[in-house]
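For clarity, chains are labelled A, B, C and D in written order, and residue numbers in each chain start from 1.
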């Protein structure tokens, strides 16, 4: 049994395990958990991973920063690029990317534009998003919001900023989305994946200290729970030690 | 023989006030302004404040694909009509005045993506009538984006997207250093879309934390990020990016931006007094950058914004 | 009366006088004479000229180099660009540019591809040319070969690498060439310009020590000589002094 | 707790011979090779010699828009079928073997211009199906250029040109420095089309005058010209660009290139013995760069190639 760990640490470890050596990927806009996952994977099993596609390569920050678009995090890295090179990466795609939004729906679509109303007469206007391409030019992406409630997990998003699986396989094909799309949804409560036949989200495992019933209660659509739901494998002692000693030296993931 | 002295080359160094008037007058012809930097990094905020103080109105604002504090401040000051920026956020929280203005219909915020903005700047920089884009699928942004259109690709036969040139009337940039001719040296790790914007725009005005001697540039030409050819005026403004960052001089002032956002949130719920006082104190009242630095607590206070050394 | 000067020095001075302050221009491939002309103009009357559009800005070489694509000449300059920026300049155009070729014809067209035969079965294959755009995206250009014979000044070039005035105003319009095109042809013997009505080349002035008859004899088409041809104004003492002391310190133009 | 050691990252450093075999085998799949540098600056000549020694044949050769010595040598060695380079010249004289081979019909040299080549590399680097070009008029090159076509511009309605992606199977670059991961640092003033080629190509192999410690890169990331992401193999080859220049290490060896061109001119008039001996001595016989350096007179001789200091 491993030591006590925070919900964000659990998220980081789940994501890190799925990133393979030699891959190229980037963290996206809400970067704390993804950057930690990438850094942990590089320390543990993926030394040949390249962090790139966001105008810098392989940053070696002194500690975790909430945004990667911060020279304090990038002062030491291997190379810097500009938006012109990012234009190319966006077309060529990465191996993995991360997203999260104001709303996420049953098919993994993400909304960052508005909740309620219309785009130009919104009830609540969100930030929008810069990069809409990595979600489908990349091999796969992960959805990893740091909150999980029935308000941000809804049956249907009000606006599809980032397409996930749209309304399922047929819609995805029609839109020309040929890659895997969202693979996992990792939240502080649980891990979800998508039914291969319907591409609807379903509960895959719940983190220690959480229950399937609780996760369903905090989700605005049916998670297709049948029988016992496995527990998310907790961080191993090695994972936790490396995470705390070499990646998150200041304990940002435990605040 | 009496030989003429070598004739004199004109310096492009100007004052913050003159730069703002130059920009404001140009923007009256065509209101498209573009801002360098990205989110809380390398934004030309001193130039933005000076432009607001000079009374710019009805602006159409472009940027690299991500912006926050400065566009929110421009909206709070009532200077903006349309926003052409894909992502508008303070990163750790939403932009309060942007939200209010869009929700109330006072400002139109177009749904765009990064490739449209970057592609449009590329088309303008390259001098071609459009830039093909082939990486947009499935997003509702495609239904609303006013700048792209579908075309038949003459090579692949497929339907792809294309964007025409985005040619800002005025672009503001912030760099760490320049010589008096306007050759800009970025010491920050990233340079965002700043080079591209400089190449794409009609007029480019840059603020720099300091002017350096000519030889600094000539001794290391490959360090120059934006050649003077693209620059119309350069202004020496210490802490010119504040409250955003200018590496390795100073980090973003998160405390300042958070306090500003709190005032914006208060204004959303009906109490605009704090926000108005903020604008008066930081935008309207200062007649120089020295005044502004005093208003934000003086240079001693700003010295706390350590960039946290590269070798940390 | 000024001091003795070389044919190349005469060429440099003629070209320098026509370059205005504040202009943007570049030297092209055969760069010795154009670079000297640009440098002389900057020293004498055009301090705000920008040398750019060829991947570097405002070089300050220690002496004249035969090619500008030489880091020895570019070690001190204001900025460096790449072929991507050159792509943009090629579309936006410069104020002035320079060209010369294997053959130049009566309308200022320039051939760098082949003499005799066809492109893919040439009698003599030339070097080709990289930049075909500055000749018509730029406000004007100059033709300045360092030899002038009936073999390189021909009625019609075998291949138009660089379009000059094509076959005259109508052909130029039909091809979409809307700018001035070649303004002067400056050689070691003379200066030629183009008849505004026909755009055919004509003798404008002969350099000191040369005659109109001699220039015509070394030109493969009729130069339209009527009556006396003026002499090219010789370099002034100031021009020559500045050229030798500040531009061509090693006397490359006098070899 | 027993903790695993941090796993090991693979170095991309390889030998000249292995790099040449890697390239040769890839080029057997698709013979499109691209060479970095420009004319007599920064050309990857050691890699070219190694590729010739490894027996590459029937190559289609691309480059930045200007090349000379290396393409001429490749033709002299009988390795080239088609040339896609706008300008082929030694600058002070014509390329003798290029001339002979084109005049005899042994090699096809396409009529191209710089914008076609650069635009094709841009399309490939950007991942789009074509690059619009709107600056080509009046040249006979347009009648023969195999890579461009006319399209109707969807924005302006005019007829313009477009070029599809140029995607070299292998690109050779020469930089002054790299770390063992393949992050390339150019210390030369210009970097030509080298970044663009790296982004546009399937496989990129770089020679560098020296490998530097990791920290040299990490301490100054904005000095990295081509990130390791784009690089498949890096070879440490002192004087790897010789007889072309690698600033600030060494200048172009004009004497060597002129002597080579004299042998080429002799071959044009029927006497190929000198040219064959040159190829044997410089290309076929050396089994290492040390051998090559000996063949050109040793390091002492090369030390004469002073780059003439920036501050001259």
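Everything below uses one rule, namely that a residue touches a chain if its C-beta (ideal position, glycine included) is under 8 Å from a C-beta of that chain, and two chains touch if they have at least 3 such contacts.
Molecules present, by chain and UniProt name: A, C = Glutaconate CoA-transferase subunit B; B, D = Glutaconate CoA-transferase.
Note that the coordinates shown come from a computational prediction; the quantities given were computed from them, not determined experimentally.
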* Give the chains in contact with both subunit B and subunit D, ordered by label. => A, C
* Name the chain whose C-alpha centroid is farthest from the C-alpha centroid of subunit C. => A
* To do: Give, as an integer number of Å, the spacing between the C-alpha centres of subunit D and subunit C.
  => 29
* Asked: Which integer distance in Å separates the CA centroid of subunit A from that of subunit C?
  -> 59
* State, to the nearest whole Å, the distance from the C-alpha centre of subunit A to the C-alpha centre of subunit D. => 41
* Where subunit B touches two or more other chains at once, by residue number -> 127-128, 134-135, 188-189, 191, 219, 221-222, 310-311
* On subunit C, where are the residues touching two or more other chains? -> 56, 74, 76-77, 80-81, 84, 87, 90-91
* Give the pairs of chains that touch; include all such pairs. => A-B, A-D, B-C, B-D, C-D
* To do: Sort out for me which residues of subunit A touch subunit B in the complex.
  => 29, 55-56, 62, 66-67, 69-72, 74-77, 80-84, 86-87, 90-91, 113, 117, 119-133, 136-137, 159-163, 166, 172, 175-177
* Over in the complex, which subunit B residues touch subunit C? Could you list them? => 1, 3-4, 6-10, 125-128, 179, 181, 183, 199, 217-219, 221-222, 224, 226-229
* Residues of subunit A that touch subunit D when the two form their complex -> 21, 24, 43-48, 50, 52, 56-57, 60, 74, 76-81, 85, 87-88, 90-92, 237-238, 241-242
* To do: In the complex, go through subunit B and note every residue touching subunit D.
  => 127-135, 149, 151, 153-156, 158, 160, 162, 164, 186-189, 191, 219, 221-222, 310-311
* For the subunit B and subunit A complex, residues of the former touching the latter -> 38-41, 64-66, 85-89, 91-92, 94-95, 98-99, 102-103, 105, 108-109, 111-115, 118-119, 122, 134-141, 144, 188-196, 245, 247-248, 251-252, 307-312
